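Next come two complexes, and both contain chain A; in the first it sits with chain B, in the second with chain C.
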Partner chain A sequence: MCLAIPARITQKLDGDMAVVDLGGVRKEVSLALIDGADVGDYVIVHVGYALSKLDPEEAARTLALFAEISEALPPQ
Partner chain B sequence: MKYVDEFRDGEVARGLAAAIAQEAHPQRNYSFMEFCGGHTHAISRYGVTDLLPPNVRMIHGPGCPVCVLPIGRIDLAIQLALDRGVTICTYGDCLRVPASESLSLLKAKARGADIRMIYSAADALALARAEPQREVVFFAIGFETTTPPTALVIRQAKAEGIGNFSVLCNHVLTPAAISNILESPEVRQYGTVPLDGFVGPAHVSTVIGSQPYEFFAEEYRKPVVIAGFEPLDVMQAIRMLVRQVNEGRAEVENEFTRAVTREGNLKAQRLVGDVFELRRSFEWRGLGEVPYSALCIRREFAAHDAEAKFALEYRSVPDNKACECGAILRGVKKPQDCKLFATVCTPENPMGSCMVSSEGACAAHFTYGRFRDIPLVAAEG
Partner chain C sequence: MSVAGELSIGVRVADGEVRAVELASTRPQASRVLAGRTPADVARLVPMLFSLCGHAQQIAASVAIEAAIGEHTPDSERDKRTRRVRLEAIQEHLWRLMLDWPALLSLPPLRDAFARWYRRCAAAREEAEAGCCRQLASELVDYCDRTLLPLPLAQWLELDDDAALLEPAAAREWGPMLQALSAFDAVAPAGRIRAPVLLPDLSAAALSGATQVMDLEAFCHTPTYDDHACETGALAHGHALPLVSRLLGQGRNLAARVVARIGALVDCVLDLAGNRAVTQPVIDSHGIGPGIGLARIRTARGLLMHRVEMQGDRIGRYAIVAPTEWNFHPAGAMVREFVGARFDSDAQLLQRLRAMVLALDPCVAYRIDVSHA
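Now for the complex of A and B:
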């Protein structure tokens, strides 16, 4: 139910609306619940509304941590 | 897809599994509850259970709004549609939830009720706007993630004066449900549900932030790690929980930093506060009446509150006697402990709510795990 997916804003429209790209699928969503989202930003979309902006630096940090863990693993 | 595929990498999962196995002390058991149905689904779908050492156990929590919705609330919607000729709009997940008299919203539709499946709350408002002669009721369910969009359409309906649009509000609150579990006799008194910590909600937390969980860490000494809904997020959160337990810490940690802050989405919180207020009590399937665990629409918006507009009166209806959804939602039983599981109760014909949504513990186990319970027997040759 709380399913939400990261999507990239490709175009801003009137009335807090925007077009997002979800792995090639384009969809109109509302940006009314967040502030300061721009074209190129990734937002988390739930039932047609962007709930938060995705922080690319934090995402990179989490992925770097994962990479560190798997590198520390002894080869099988 | 960016920010999805990277968090499903099998090689990295192997690394995280090895790290968890290394850090979990073999002489003790770890029991963690994943609150959200989204996590339950990810754990089942990606086989996370199989990647964990046997002494790290996951307990499914009640964080699936479809699963905790009691029969009586769906009955209200069905009555409105069948007896009052109202058009009910709702999210797809709600349509097959069993209600009284073997009905569901979908079966009511087959009897001629006007039930519409919508993707977004905005679709329900758009229908009311386009067809003013039609009385449209949006049957709204969900935790804090889904509440802000509902608040937005109620405010919009008032601003535009769309008189034929109202909301039957079933929005519930995550912290109240966590408190209820921590206060349950199974956890506090009997210890039949050992609980060492929580994997905290992903998208609920984008709205409410990580701050509301601090109370549970401090007051109940239970660690909470907020995690994204991808399998690597869940595994990293489990690893962080194991660490906290090992070090005797009980803190709120955030694995999902790419989307969750301590404060959450203040704009959405303000909007929800403007439109909704706390309900004195709300019935949850499995948990019973839980005080201050849900929201109702403020009086200023009563014209768009279906409960006020149609003078609806809630009547509690007991679940099917053989159905174990209640105990499963409290973490006391597993789906396979229920006699109905995978016999009369299947995703095609659900008897209980946990079999309805793909996030329900029963549906997730039915779809991805039910053959794990059957021991392999070599064929005689």
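Now for the complex of A and C:
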């Protein structure tokens, strides 16, 4: 359900658009809903928009949590 | 496959008629990582886990744990939580109505206005202070009246005739969307039209009762109420609104869902504006027994349930049922509305499927596969 997997901004594009890396997959997203996001920052993405920004430590903790889910838990 | 998983919707067609709709999910049951943690860990981890309705999820966790350990919540904190849930719901409703529905109907999305109101709701949610929320709601009422809705917001909940929505003179930003939706729904598929089976607006105690008639694990995967796979969300909450009821009576279930969503948005804004009595709490909780608590929250997508069993001062078992579990139940709304319906082409079927999925609003990515016998 609506899991908050961090994506790293790899490139800023024209307007409020950016390219993010989400687990090795490149996606174009809008940064129109958040302030001050730059290349290297982690964001939570949902259908084409970055919803929130995470600091690197928070992103690392979140990614570790999802690694735990991925390894330990069977799908529903 | 991503760790987030996805919803898979398989549709089998024979001789132009939908014969079967099969729903499957590869989503992980993330709530299991909460077992063995402390309540403080849960409060920290839940917002890290969930991107959508993250505040509702976080509040549901706090409320369920408080119910389990018998902790009293001050009225001021309860009211602040309600305002946060309302603001988050407004953001979700605006997302569907300003971006997603226009895109599905080949209309330009209202990107700039959406971003402006989304950010304002996010800022107001930080402190969720009553006066600030009232001011925002009042400005949103003004914006809806002047720009979005074809008639004043306050009249929306009493409206019983869709003709008023379709007059060109009454057109506002949402005028073209409502007109396109009406035209789209007017060419409903042939075949028997089934009435939606809707989940009542259950209290936490009633929801707790529903969880006890089947194995909890099974309830988390495929919840039922009174033996039915029910639909939750805007239609379930707003089915008695005059216009929604009229559209349902005409078999225009899709239009009914969108009108009900606008009704749900209006509901949130008017409640936040604080100028009317709230009849049903947005957040409710129930102490099931010693160390067991349940929270139910009315989110934009429908009823969200968190249920916790404490083991000493740690979490023993944790269960979450999100609206997606109700709305994409393998015997639920997708099956009721499509099996037996006839379509002229795969393109028409796919467009209808996408509209239905959007109306039911899953919180995960989905994939549709149409196959022919």
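Going forward, the second predicted complex is superposed on the first by the 52 of 76 C-alpha atoms of A that agree within 3 Å, B and C clash if a C-alpha of one lies under 4 Å from a C-alpha of the other, contacts with A are read in each partner's own complex, and residues count from 1 in each chain.
Throughout what follows, a contact is a pair of C-beta atoms (placed from the backbone, for glycine too) under 8 Å apart; a residue touches a chain by one contact, two chains touch by 3 or more.
In this text the structure is predicted, and so the values were computed from the model without any measurement.
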Partner chain(s) touched by A:H46 [first = chain B, second = chain C, both, neither]: both
Touching partner for A:R8 - first (chain B), second (chain C), both, neither: first
First (chain B), second (chain C), both or neither touched by A:V19: neither
Contacts of A:S70 with chain B and chain C, given as first, second, both or neither: both
If touched residues of chain A are counted for chain B and for chain C, the larger one: B
First, second, both or neither for A:E58, with chain B first and chain C second: both
Residues of chain A at both interfaces, chain B in one complex, chain C in the other: 1-5, 22-23, 30, 32-33, 44, 46, 51-52, 58, 61-62, 65-66, 69-70, 72-73
Contacting residues of chain C [partner chain A, same complex]: 2-5, 25-30, 32-33, 45, 47-54, 111, 115, 118-119, 122, 220-221, 320, 322, 324-325, 363-364
Partner chain B, residues of chain A touching it in the complex: 1-6, 8, 22-23, 30, 32-35, 42, 44, 46-49, 51-56, 58-59, 61-63, 65-67, 69-73
Footprint of chain C on chain A - complex, ascending: 1-5, 22-23, 25, 30, 32-33, 44-46, 51-52, 58, 61-62, 65-66, 68-70, 72-76
Residues of chain B that touch chain A when the two form their complex: 1-4, 6-7, 9, 11-12, 14-16, 18-19, 36-38, 63-66, 91, 93, 119-123, 141-143, 145-146, 148-149, 152, 201-204, 206-207, 229, 232-233, 236, 255, 257-260, 265, 267-268, 271, 357, 359
